[in-house]
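Listed after this line are the structures, all set down as structure tokens.
The same chain A turns up in both complexes below, where it pairs with chain B and then with chain C.
Moving on to the complex of A and B:
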């Protein structure tokens, strides 16, 4: 290739690259716009509300103040609330993982029509509102519900307190978040090659050893994704803790509701919402690090 | 349908629209509580108003709480979609401070002069449209001997069967204020410390501080047997449950809750809205609504049937503990903090 031809080719490549870059920007523009209007601006607005002054009556009359941030940072109650939210959400995530894993593995290994039927059964709860499903749990867990009626039939004198406490919230949220965990796990099982399990079994590994050394390590990406989804949804869950918590289980989301709707303290609600966003950010960073370390 | 037929249909529809009189376009939007309140208010107040004013239609925009209403009003501040709002007095104060409402005055609405003096509250823009009061509710099967007061909720018979909408709900706050007064507390000045102390005896028996959808349903169903509620809804639920649930004014006293009616600043149908507010405050509407839902009237001229007035707090005014909700708002955070630290842990 002559020097002139090479220069012309180089110029053409640069021009192509430039028009390609323009196309990429043009293609990204709509989603960037949607993110700007649908996410970034509301978050900025939320941050601004958290810095507004609020009167005792709940009125916001335009002044600026960092009082809510100061009170949240200096009050033990809000640290306790944050810790309680993280601990409860982690517990719910673990419970959801434990009950969802066998179902997801069975679903991964099934095939044909049976697999489709199972998949529909897993997804179908998502067609119902969380409110309806939570009321369903009230019917099951209340003092006169299904569980306590059975216990009573077997001679239990006192009803077992299964709701209006952390137990009820954990049971309800675990069931409600299971579809998300199962779908994430099934998606993550893509790396699971049945031939690797067969090879391990042929070499004399027990079923438990096959699970521990082959199945579990290969499903870590699915576990990480499902756990991230479940944790984030548990932290932001509001209806189920409100209905099944009985006013005893204080979580960030329920506190945001109380401050925004009952006491009208929007700046405090906005401050707590920003803290929820920080928790989400940390969860996503941990997930990203885990995924990178898996390689 | 062929092209000619389609064109005729469109033309007829357009002519039909054109034939609608301009006055029929006056639609007042009323924002108020959903559920029982909406049903009864529509029947007792909206329907007769529309009958008397065929040129005005009132659309009910339901919301679950006053807090949710103020959220809507703030969002619509630049272009209001609502004309009239019925909400709790403490939330109405926030709305008045933010300039969301027009000050209602007797010179524009002469009916205001017919209201009881405590229906006109200087710090808020609207006026009181209903009075309600706290009652003790109980399951009549579980309590063959009716409970007398709030203290019954601390007895062994109530163990695990008490339902109270806790603080920050104003029912919880009312209960604390009543118990504070009963135990010699100074009220707002003492941040209701005596009331919080008295609640510590009741807390271990509480089943839930968040009865949903309302406090009445678990008591009727027997899931709980005793609690506190608002008189108007309690009276209706007493009737609809066939007497399974009953209500009494607690021996320790009761507290008023005031619902106010407010005209939204920049209301799209301001003139028609004023007409509606005048009707809602009139002796006629107040009589009908009290007889339908047992809220105590705010119009002094309303001639209520004795059977209905007996089911309101009107004849028990000596038992009413006065609560200045606007003063309570100033100490609400401290009371809520004491509640969370001293009362809630005892119920776990």
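Moving on to the complex of A and C:
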């Protein structure tokens, strides 16, 4: 029995058994309460906060004002911040795709126990705090880290600055976001028919040609979904940029945190986080158009 | 169907990519046995001093204990909320069940930095910042969608015929649920519980917003430590965390297969 058929039959069976609405409401009340108090109210409130009037002292007056939006939109710093964030996130998405693709293709072609072991290896970093993995990258990329000790052994006089700049943030986030990309790609490979590859090979296509003409075009949906996921996660991540950027890399998410926790300018933090959501919306819209255009 | 052979070029590329993926986790193991005061690689001397240092660090120990208690409490409450909700949405299938499921899983779609700020502002107003209830609600909100999803999936894949049989034989709905449905979805509950525990235990962004100098979780303490000092202490903690996480994953895998939980 398929899952949907099971659910439908279950609904019918349940409808016979239960008297109706009261029970449903009672069962859903706790989750609705958590959602309301912990999610809906705070998020609606956040959207409103960006439109609050603020005194010079920083206290909110209770009046309405678009002052924060105007000051953000007219300040070149925030435009640069936005552009920086989008450019960096696009670069990270591309890098993540390039390193994830071979793993996903390998997973798709392997089978049995070996495939399960590899899948667990791909998923398990997800279960490990970003703090731990970022710390690992500090050990690799810092001036006394793995890369620079090797370079020093080969006679390099000056350490190669791989941290506290965009390079470090890009390397760290690329690795941290890989599992999401790999899972999206593997799911996308599901529609790749091995017979199509076999047919092309039989007709004399070289392995690279089979890859370029058959495998790559058929995996575009997986690539699109993985890229969307990676991009939005890159835009909103801040633990890794904060630790590997060392306060020298400015991105939207790190700025939201600084304004909220350090400067305590909540309306500004709220405005910036609304901009994060706008970037999200645009990314999803672009993805939607792309998916429609490739059918 | 036979799968196409794997070319040597793909093997090499995949191996290099795997090395890149696992590099940060692999590097903390040797680093945790460093005898140096500062983080450097390779270490100039080897020792277990950083493992001993954990035991002498009351802040980390306290944060670890709090993280475990918080994650355990969140998991119990999660299951208590998600099982009835999943049952109502999947089995009783009320009108608008799909829309409600979307609403209840929506917190996953919102970036945690935005959700954290939203909670910070409203929780500050009602005095919940840096309190146990504040952190508890924050963790509940982000882990509940995972639990609801796993519970719903587990429910919708169960054969309804067994439940129907029990009902036909005269069992009351509550008895059917307790004696038939619940035992059958036990593997799903184990998976949901483990996921809830691990996600709560690792959650750092929301915790950073909600914690204070007197109350914080282990990932938050580690974050602050890494931000201010470059020593191998966090490497030693990380190795213990990897072992801790692996233990949970193995328990879940033994009971139902990890790959099945995440990749259908």
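Assume the second predicted complex is superposed on the first by the 247 of 295 C-alpha atoms of A that agree within 3 Å, B and C clash if a C-alpha of one lies under 4 Å from a C-alpha of the other, contacts with A are read in each partner's own complex, and residues count from 1 in each chain.
By our rule, a residue touches a chain if its C-beta (ideal position, glycine included) is under 8 Å from a C-beta of that chain, and two chains touch if they have at least 3 such contacts.
The structure presented is a predicted model; accordingly, all values stated were derived computationally and were not measured.
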In the superposed arrangement, which partner chain does A:37 touch: chain B (first), chain C (second), both, or neither? second
Tell me the contact category for A:142 with respect to chain B and chain C: first, second, both or neither. both
Touched partner set for A:243, first chain B, second chain C, both or neither: both
Going by the contact rule set out at the top, does A:253 touch chain B (first), chain C (second), both, or neither? second
Give one of first, second, both or neither to describe whether A:273 is in contact with chain B, with chain C, with both, or with none. second
Contacts for A:164 in the overlay, against chain B (first) and chain C (second): which applies, first, second, both or neither? first
Going by the contact rule set out at the top, does A:261 touch chain B (first), chain C (second), both, or neither? both
So which one touches more of the residues on chain A, chain B or chain C? C
So which bits of chain A does chain B touch that chain C touches too? 142, 144, 242-243, 260-261
Please name which positions on chain A make contact with chain C in the complex. 1, 3-4, 6-11, 13-15, 17-18, 21, 23-24, 26-28, 30-32, 34-35, 37-39, 41-43, 45-46, 49, 99-100, 102-103, 105-106, 108-111, 116, 118-125, 127-140, 142, 144-146, 149, 172, 175, 178-179, 183, 186-187, 194-195, 197-198, 201, 207, 232, 235-236, 238-239, 242-243, 253, 256-257, 260-261, 266, 269-270, 273, 276-277, 280
Touching residues of chain A toward chain B in the complex: what are they? 55-61, 77, 142-144, 161, 164-165, 242-243, 245-248, 250, 258, 260-264
Residue positions on chain C within touch of chain A in the complex are 1-7, 9-11, 13-14, 16-18, 20-28, 31, 38-42, 80-82, 84-85, 87-94, 100, 103-104, 106-107, 110-115, 117-123, 137-138, 140-141, 144, 148, 153, 155-160, 163-164, 167, 173, 176, 198, 202, 204-205, 208-209, 219, 222-223, 226-227, 230, 234-235, 238, 241-242, 245-246, 249, 253, 258-259, 262-263
Would you tell me which residues of chain B are touching chain A in their complex? 65, 67-68, 70-71, 74, 90-91, 93-98, 160, 166, 168-169, 207-210, 212, 221-223, 326, 329-330, 332, 336-337, 340-341, 344, 347-348
